[in-house]
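Heads up, the next two complexes both have chain A, just with different partners, chain B and then chain C.
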Partner chain A sequence: MLNIKNIILGLLATTCLSAQVDMGDVLIKNGTLLTISDGEKEKTDILIKKGKISKIGKSIKAPEGIKTIDANGMYVMPGIIDAHSHIAIDAVNEATNPVTAEVWVGDALDPYDINIYRALAGGVTISHAMHGSANAIGGQCETIKHRWGVLDPNDLRMEGAKKTIKFALGENPIRVHGEGGNIVPNTRMGVEQVFRNAFEQGKAYAAEWKAYNNGTTKIAPEYNIRKEALADILSGEIMIHCHSYRADEILMLMNVLTDYGVDQICFQHVNEGFKVAPELAEFGAYASVFSDWWAYKFEVYYSTAYNATILSKNGVTTSINSDSRELIRHLYHEAAKTQKYGGLSDTEALSMITINPAKQLGIDKRVGSLEVNKEGDVVIFQNHPLSIYAIPQYTIVDGIVRFDINEDPQDMRIDIDPEEKIPAFQESEAGHNHDNCLQGVSELLFEHKH
Partner chain B sequence: MKLNSIYIILLLAIATFANGQQITKATTGIFLLKNGEVYTHDNGKIKADVLMQDGIIKEVSEMIEHPGAKKFDCTGLTIYPGMIDSGTKIGLAEVSSVSLTQDHNEIGEFTPHMKALTAVNPSSVNIPVNRVNGITTALSVPSGGRFPGTAALINLYGYTPNDMYAGFSAVVFNYPSTGKRGSWDRRSDEDIKKAEEKANKKIKDFISKARLYTKISGTDKASSLDYNPQLNALVPIINKEAPLLVEVNKKSDILSAISWVNENDINVIFTGVSEGYLVIDSLLKYNIPVITGPILNNPGRSSDHYNIGYSNAGKMQKAGIKVAIRTNETENVRNLPYNAGFAAAYGMGFKEAFKAVTINAAEMFGIENKYGSVERTKVANVFVTDGDPFETKTTIKYLFIDGYNIPLESRHTYLYDEFLER
Partner chain C sequence: MNLKCFAGSIGVCLLLATHTSGQIDYNNIPEVTDKIFINDVHVQKTPTLNIGLSDILIENGLIVQIGTNMTPPVDAKIIEADSAYAYSGFIDAFSHLGIPKKEPNGKRPEVKFKGFPPNEVAGITPEKLASADLSHSEGSIKSHRDAGFTIAHIVPRGKMLPGQGSIISLHGSSADEMILKDQTSTFLQFSGARGYYPSTVIGVMAKWRDLYRKAHFHNKNLENYKLSANGIQRPHEDKTLNALIPVTNGSRPVFMTTKKVKDIFRAVELQKELGYDLVLCDVKQIGAAQKYLKSSKIDILLSLDLPKEEDKKKSKKDSTEVDALKKSMMERKAKSYNEYLTQAANLEKANIAFAFTMMSGKSKDLKSNIIKLIEHGLSKSAGLAALTTNPAKILGIDDIAGTLEAGKLANIILSDKPYFEKESKLKYVFVEGHMTEIKQKKKKEGKGSLKGIKAVLGIWSYSVDVFGEEQTGKMTITQNGDDIQIELTDDNTPNDTDNATGISYNDGTLSFNVTVDGGGQETAVDITLDFNAEDFSGTATIEGMGALNMEGSKISSPE
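Now for the complex of A and B:
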């Protein structure tokens, strides 16, 4: 829920407009660099100035007054990117209609969410804060930088990142709207028609505006924010990230997109992606998958932990995501599971949490590898990040150290309620239904048995 | 000959259309693991061969020869005791969101007589998927009410629950949690106190009835007792012949549970124990063993340090508390070595974390003469790796459960084999 503080800050932000986000300088000495784009470099320095990587090489002289980190014996890699999460937002699902393209989680950013800090402590610098999967066409998402400590929600935004929107196939939209509301979709057939119907509306809307703008018609069409978003999807302005599990429904959406001339999509979860890997590769679709989640519901019963490997070997750009405030803390370990399940190389495995999710979010020119002129998002590990003994030591965002294991107090909250001495204890989440994409919905619509 | 070739064709047909079902049979016999190293809890790796026969480890020593044995070359490999997950729902649930495939949650608050072993499905697809990561044994635990049932320790291979039973079962007690359950909990302090008193009274009544029942059942008036399976299930607890598994997580609840245990004079194992690191002295004072986990779990409070889930087990162990580790999982019990690995990385170290998924569990369950290490006369639960069993990329080369050589196959590998190149 929004608290007063957020509202006031939100008002402040709109009146003052967004202030410039802080950028930092730091020199990291003598680390083993896992560059992703250019192999491993031993005993190499990396200089970040004004939030950007300005130099990579041996024996870089520290400019006067700059913070220096001795990374001797440590591993330095690009900040980890999570292409699917729901942290740092205080609303996930607008579960009131099968199509809600007009809503935007960017309106619900919460810079006080402690999970931002916990993700940083696991080396994650960027996450894709997504709408949930209650609707076939859900809301628009926001790519955020984990600038823990900022108070203005706007300062979390990664300005200039590709606009994205959440779609959802299968059980979730069917349960919420068919079973829950007795409206289409109640089947996977219905889900297809929801898309076709929405795209027709977006197409007609765009055509009306085109006719008005070029003078063919004299009266302006009625402005409709939902149809605006649908038209932007068709024009490629907004990229689809689609919650999906079964091979048939994945194929269905690619067919629909082909009919409407949409050529970019990232399938999310995509547990049965391995069954249609050649089709995904041919379409040029991206896949963002769990390392090993399966069997928590029927549509993921025929899954395999080798999914990421099969997709990747078939030429699909694949990432490993968390969809969880727990998993986001150790995505480096989740990526290592592609070595257990399929024997991927170190660079292939690390690409799944760096450059590949960057491509899927349209930010790969800016982040995802250690290269001069890219943004200064870096994580430093004791032990190799793909080892079970890896421990993140520093996480740096835009050249600013936002997590330092040596300066890490017990309580990191920044919105302490003076009336609550110790925050309430939340029972373990393990063993529960893993369906984080249905946050805020299942409690309302369904009785939950644990 | 003709029949044989028909069989072969049939087998091929099954292999082609199986789409993720078990194909290769496990085999038993006399097995000899040659030229490898055996991991021991006290002395690390030692050079030794291992001979297994009739489901038992017959010999662990250098240069074993046995003419009738099937040999497994373990050059460069290490032989470890099978890992034990001390808290799961494996076998009791197939698809977590489909209620008709769940058998761990019976109706009623006081149902300790509900036996997990009864509902273990030996054909669950979860079993092969999880065991191929070296987990040979798991405690399958019912959930739900105050006394939801009796947990059972099972080996992850067998055609019937009885085949799988590993010799330990225990009644589960979900200790009542008091206080607010989360920031969403809007109950008043008074309502919370009332709820607590009500829960405690019910437990007190139940235990005192069980005590009376136990007393009478030990006399010549036993035959006059009415049929009461609930109370009957508590007899071994009251007589201190078996430990009670007490699920408790919050600091204040753990302290309250410790005084409850003392008042009632029974043997217990605490499970969960997320905030154990805050009450180490009390746990130590009363010598209470702990099954903790999942290690890969978020801290319980927003004010908590980010790594307390990782470090809790190690803090308790270092203080001298006996600790075992669980996943509390159903379909991803296979992540037990990674849960233990994070505990190892965050303070526990490999040696103690590996004990927490092997011998410590066996000792808590009173089966350490049969499980938990690679030693003569123990059950042949063994896995062989090319590296540290906690390291994510380590490969398991051979797996033996109850003396069976288990194929390293599951739905996940079949789908991989079928779809890598479609």
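Now for the complex of A and C:
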């Protein structure tokens, strides 16, 4: 739908300067590099200049004035990437309509969310801030870099990352809209119909504008931001990330996409992915899973901790995600579980939290492995990251140390309320005991309860 | 008391007018002459220029002449100003002044599909006019005028797009008479429709883009059709989109509520993308967004609802056993408070013209709050400009208001001392030549009287009507020496106690305040109760929201 946007932008003649984000220089000496793309390299240096990896090798001479980290005896790996998270956004679900393709969580970024810093303390440099799963077609998501300390929400954005949108199958959209509002979808069949109706609308809309733009029709079609986004999904400009559990529904969505010529999708959670791994591989679908979390609702009882391994061994690009502000702090443990359940190699296990999620977010040319010219997102561990004793020491984003375990005061908040009660913060949520994809929906479902 | 429930239910509310009864309507007394001569007054012509002792002649609501040793016309009413200080009347650039709060009807409208509600339910009514809701007899107009305001830019109440603003004069015996300029702004907020689309900030932002672009293409189609209708499909009229066309073609600014720094970033993103003129309103926190305020297309209205300062006595009492973390948090909080109060001074330093607004906050705190800002580095002239010349410019009325100059509206305030002196008092406010003498209220006694309070000691049950939903709890009133304590608990959360402050008791009427947590935000509640032997009734008034009926009965007396 670029045509329409160009018309509007041209008419309004405004310029949006893209944010100038700080880039740093740092030399990391003598670490054991877990490159992901090129094996392990012992006693090797890595030099980051202006936010990019400029050299990997032995005995790199430190340019003058550059910050140097002695990583002797430590492990250096690419920054961890979480393909499914809801941190750093002020709104998760616009749960009022089964289709809200036009909303965008990138509008509500919160650079002051302390969970960004906590994720950094777990070595995570990039997360995929997603819309929730209340709607069959939810809102658009935003891939963010964990540049803790920036004050402008725009500085969190990973400019140039693939545009993505959240879809949802199964119980959540049925519960919210069918049971909650007595509209379609009230069944799993209804969810499919919501997709097909929406795609039909997007297709017709694109055709109307095409006719107007090439002069066939004289009156401009009615602009519609929702159909605009739906058309962008069909054209491949926006990639689907779909909340999913059951194998039958996963197959259903792949069939729908085939009918509409959409060939890119990443299934999220995908607990029954192991049942349809060959089909996923054949479609070219990605999978982003929990290591071993299930049975939190009926549709996730049929699950296995071998899911990631089975998917991976069948040729599906698979990542392990958090969907949780707590779990995001130890994704390296989650990745290690694939060695207990499935016996994956170190590189295979670490790929699940580095290069594979990077592929799923369309940023694998820029991050996800330690290679010259890639972005300087690095985490340095004491002990091997797949060891139960692993502790992140430094987390570096764009060559800037954003987490340093030696300089980690108790109060790292940025935005202080001048009227806050002290103590200001209490952890309200002890564990990972509910589905974070439904944040903000309870008000809709249970309007008069408190 | 569980104010989360109050805050949760509020949305649509509220309140019974509180100011209208029992007061003489000075507006209806015919004035003997329309000429007024103010003799011997220090004239602050502009925020930076004081021309010293002069006289001012007013006629037909306008300033006719300002000069020294002028002779008053024989038919003029002469005001002996006794070397008082004259300033241009203040302008509130953003307010709901004169717009009554809507009565809550308790019922939710019947909507078939929450994802596609009627515009009225979605809060999308850009065609509505503030002037249509204006009531000249609203009590808030008088209290605003008594604080020195003579003009206000008012916007309708509502959610995402409540309607269009008007600029009003704070005098007049009808709404029409008060209107200086109508349809001057489009009012936009990030407020969702609570349960209907758009319900969240992301929904509102997407919907705004949608409406804006729809209006843009709608206008284009209408214009093409006007040029040549023959053979062209007729574009349909649409009152919502029609009302937005002036925004899309740059002839009407968008006034947007942006209290916190993240709101500003979001509002600026939308502005950059769509291109209209933007006024950031009711701003309490600017933070890192200041860099965007240099744009010629963006103006800012600072809220005078300042954060409350930490009670130093109280924190001292607590500080005997604070750990290092708590101490550093206290320091950061104090620093943050300081940053909030330095914002106005920082804008001045950066040469960014801003105006003050009283949208939130109380007009009686106007001067004391500006003095706080002056203590944090703001110059007096910038403080004055933010009440006069800057709002006049932002609102596009600087040809008729903002300074004391011949030809402008006779909007003048007279203060017995220079205005920003702590002890100064306003004596007169002139709105378009109409004079109001300000009667200084007697100061309330610092500590509330507690005489006779023994009669109400004990444990009481209470219930509060929160817009049709009843909340119940217990109120315990105890005396310990001279000290009276009132504790409120909510039956849903009996372990959560709120303690009353500012307790006073007079002849069966008990009043006090509690501060409660209304969904993460501290909210002040003023409670006034009339007691009989075994029961009481009264109101709980929530700051900025309204009064709820409260009643109860005795459970037990003290032993």
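FYI, the second predicted complex is superposed on the first by the 412 of 450 C-alpha atoms of A that agree within 3 Å, B and C clash if a C-alpha of one lies under 4 Å from a C-alpha of the other, contacts with A are read in each partner's own complex, and residues count from 1 in each chain.
As a working rule, contacts are C-beta pairs under 8 Å (C-beta built on N, C-alpha and C of every residue); 3 or more make two chains touch, one makes a residue touch a chain.
Since the model is a prediction, treat every value here as computed from it, not as a measurement.
**Student:** Is A:E94 touching anything from chain B or chain C once the two structures are fitted on A? First, second, both or neither.
**Tutor:** Touch status of A:E94: second partner only.
**Student:** Considering only touches as defined above, state whether A:A277 meets chain B (first), chain C (second), both or neither.
**Tutor:** first
**Student:** Figure out whether A:V103 sits in contact with chain B (first) or chain C (second), or with both, or with neither.
**Tutor:** Touch status of A:V103: second partner only.
**Student:** Thinking of the overlay built on chain A, is A:I114 touched by chain B (first), by chain C (second), by both, or by neither?
**Tutor:** A:I114: touches chain B, not chain C.
**Student:** Of the partners chain B and chain C, which touch A:Y341 in the superposed model: first, second, both, neither?
**Tutor:** first
**Student:** With the two complexes superposed on chain A, say which partner A:Y301 touches: chain B (first), chain C (second), both, or neither.
**Tutor:** A:Y301 contacts chain B only, not chain C.
**Student:** Would you mind listing the overlap between the chain B footprint and the chain C footprint on chain A?
**Tutor:** On chain A, the overlap between the chain B and chain C contacts is residues 410-411, 413, 416, 422-424, 450.
**Student:** Name, in rising order, each residue of chain C that touches chain A in their complex.
**Tutor:** Answer in residue numbers: 2, 4-5, 8, 113-116, 194-203, 205-207, 209-210, 213-214, 216-217, 220-221, 224, 232-233, 235, 261-262, 265-266, 269, 272-275, 287-289, 307-308, 325-326, 328-330, 332-333, 335-337, 339-340, 469, 492, 522.
**Student:** Flag every residue of chain A that touches chain C in the complex, lowest number first.
**Tutor:** Listed in rising order, the residues are 8, 11-16, 90-91, 93-100, 102-105, 107-108, 110, 112, 131, 139, 151-154, 177, 181, 183, 218-220, 222-226, 410-411, 413, 415-424, 440, 443-444, 447-448, 450.
**Student:** Please output the residues of chain B touching chain A within their complex, sorted ascending.
**Tutor:** Per the stated touch rule, the residues are 19-20, 89, 94-99, 102, 105, 125-126, 143-144, 177, 179-183, 185, 249-250, 272, 274-275, 294, 296-307, 327-332, 334-335, 337-338, 341-342, 344-346, 388, 390-395, 411-413, 415-416, 419-420, 422.
**Student:** Per the contact definition, I'd like the list of chain A residues that touch chain B in the complex.
**Tutor:** It is residues 114, 117-118, 121, 274-275, 277-278, 292-298, 301-306, 309-310, 313, 325-326, 329-330, 333, 336-337, 339-343, 383, 386-391, 408, 410-413, 416, 422-431, 433-435, 449-450 of chain A that touch chain B.
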